[in-house]
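Okay, so chain A shows up in both of these, paired with chain B first and chain C after.
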Partner chain A sequence: MAVAGNYYFAIVGHHDNPVFEMEFTPANKEPKKEDHRHLNQFIAHAALDLVDESMWTTSNMYLRLVDKFNEWYVSAFVTAGRIRLICLHDVKNDDGIKSFFMEMYETYIKHSMNPFYTPNSPIKSAAFEKKAHFYGRKYLTG
Partner chain B sequence: MSRQSMRANDPKKVSGELFTLTYGSLVAQLLKDYENVDDVNRQLERMGYNIGMRLIEDFLARANPGRCYDLRDTADKIQQAFKLYLGVSPSIGSWSPGGDEFSVVLETNPMAEFVELPDHCLGLRYSNILAGVIRGACEMVQLEVMAWFIADQLKGDNVTEIRVKFVKRLEDAIPAGED
Partner chain C sequence: AETGGRAGVMAEEAIFDFIHMEAVSYAFQGGEKMSEDEAISKLEHMGFATGYRLVERLTRESGRYKDELDIMKYICKDLWVTVYKKQIDNLRTNHQGVYVLHDNRFRFLSRMAAGKQYLQYAPRYLAFTCGLVRGCLANLGVTCVVTAEVTQLPACKFQIQVQRG
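What follows is the complex of A and B.
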């Protein structure tokens, strides 16, 4: 459905620390370039200031496009507890990304209800990763 | 307005989620305090025991179940109590050939919703408080039983199962020093 694109998804905590990261590449493109990881983290981190600025301008949780770097677009979603969900993508896919954010938001809420999870700590749960994989495949890479 | 009138009907009722979250932070805090999984299991059982001792009075007053003539009656009453206090209907099964052991099987455990056991405490019996409640309640009605978990959905099993074993009937002992 969507034009094949690469996506980098990150959940950022209150101290600008990455709580969860995941990359999504289209199914047909096999060779993965490892260098992009550092660049993605850098772009996401740089976008955090813009996210923080624009979260006060709207009462929506979905902030749409907040930044652009070379060919990478940055979309963001902020939860009520100021947990920021960042998505780097090289193709425009507003609907898919919005649905993906909503599903990841719900998954994050269910995960944070776990009494053994301390907020802002890295998410290591295999079940969470599986859900992220599943929704990424469903809404992002098709 | 309507929520106030609902609460006015029974001010002692709280939402199930509040209960689940409270129990969750209790277990998490115990784990932080004791750090040893076996100690936490023991404490949970003891806490359950204290709760059971007091809960039995409330159960007898509310449900008015009547006397139990054998262990099957006791099992039925335990089933009733789970329904009354936790809102779940467990099934009773796996009776031992001698009729002195049975299993309380829960398809869903309301206390363990949203919980995922972390890797460093896989030996934790998260709902061990329930085993203690059964033991404490039975002891107050002169029945000594042992209760322990043999299956837990948090550990990957299909159901949560508590095994209850009858030990002996307690006779009222005259306090030492009196005739």
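What follows is the complex of A and C.
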């Protein structure tokens, strides 16, 4: 049974710009206060340096844990096209996060095949968000 | 149209050949209003956009590459096999950012008479591929300029010049 935790997921483009962001909170908890959002972006952005460092040490896409800030862990996944998927989480959930990254990677590939989508631009597709919600429920918050 | 190498499926290869031929005709139909350079540039840009998106999809299986030379080998082997159903015949480099890819029987030139008869038209059929290679490399993190040279059909050479700094 996965321990209920909070997650912040972001897809980062080539210019360190957020292309997609989503938060996941456990179903039974009430929504968190708003100020966490800015902190999440700050932590994710700060972790990018460590992601960039560790991506040269391995040819795996899943980089596992790259950083920790107070109670937040940061896991990362880098594709061959150097798109970085970052996940902030306050509980350890390696398998769930890895599965979530793989599914979001597939979803991203399908989305990037759309000729109307400019790479590195924000993803504003309702279908993409739905998929992210679905996989978040399935692998992260349960 | 190129959805991986399923053995025995020939229909998709023919479609790709025909679409490419038609794309070249279409780019050059501007007549006097458009110069040869503009048409070639259009085709190259089409190739670039294609390559940029394609490589994200194709590298799903092959993973990430840390070394520039590994990336070039990927282009010569995996990419060429996926798109043109054969490997690059020879890869040369001066280890200072210049790579030359030799293809002795380039797919888009193989339907024309061998030799020098259609030499002046050959660049049109190479522009898309130059863009494709440039796009793939761009998304893999290598900024470069790709040019092609033909001295005798159907053999050709693609030169990749990596931009450093």
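Criterion: the second predicted complex is superposed on the first by the 141 of 142 C-alpha atoms of A that agree within 3 Å, B and C clash if a C-alpha of one lies under 4 Å from a C-alpha of the other, contacts with A are read in each partner's own complex, and residues count from 1 in each chain.
In this text, a residue touches a chain if its C-beta (ideal position, glycine included) is under 8 Å from a C-beta of that chain, and two chains touch if they have at least 3 such contacts.
Just so it is clear, the model here is predicted, and its values are computed rather than measured.
Novice: If you stack the two complexes on chain A, which partner ends up touching A:113: first (chain B), second (chain C), both, or neither?
Specialist: So A:113 meets both chain B and chain C here.
Novice: Pick one for A:17: touches chain B only (first), chain C only (second), both, or neither.
Specialist: neither
Novice: Touch check for A:83: first (chain B), second (chain C), both, or neither?
Specialist: second
Novice: One more residue to check, A:105. First (chain B), second (chain C), both or neither?
Specialist: Second partner only.
Novice: First (chain B), second (chain C), both or neither: which does A:125 touch?
Specialist: After superposition on chain A, A:125 lies in contact with chain B alone.
Novice: Tell me the contact category for A:61 with respect to chain B and chain C: first, second, both or neither.
Specialist: In the superposed model, A:61 contacts chain C only, not chain B.
Novice: Residues of chain A touched: more by chain B or chain C?
Specialist: Of the two chains, more chain A residues are contacted by C.
Novice: I'd like to check the shared interface: which positions of chain A are touched by both chain B and chain C across the two complexes?
Specialist: On chain A, the overlap between the chain B and chain C contacts is residues 113, 115.
Novice: Quick check: in the complex, which residue numbers of chain C touch chain A?
Specialist: 49, 52-53, 55-57, 59-60, 62-66, 139-141
Novice: Inside the complex, what are the residues of chain B that reach chain A?
Specialist: Residues 21, 24-25, 27-28, 31, 113-118, 121.
Novice: Which residues of chain A touch chain B in the complex?
Specialist: Going by the criterion above, the answer is residues 110-111, 113-117, 125, 127.
Novice: Using the touch definition up top, name the residues of chain A that touch chain C in the complex.
Specialist: 55-56, 59-61, 78-83, 105-106, 108-109, 112-113, 115, 119
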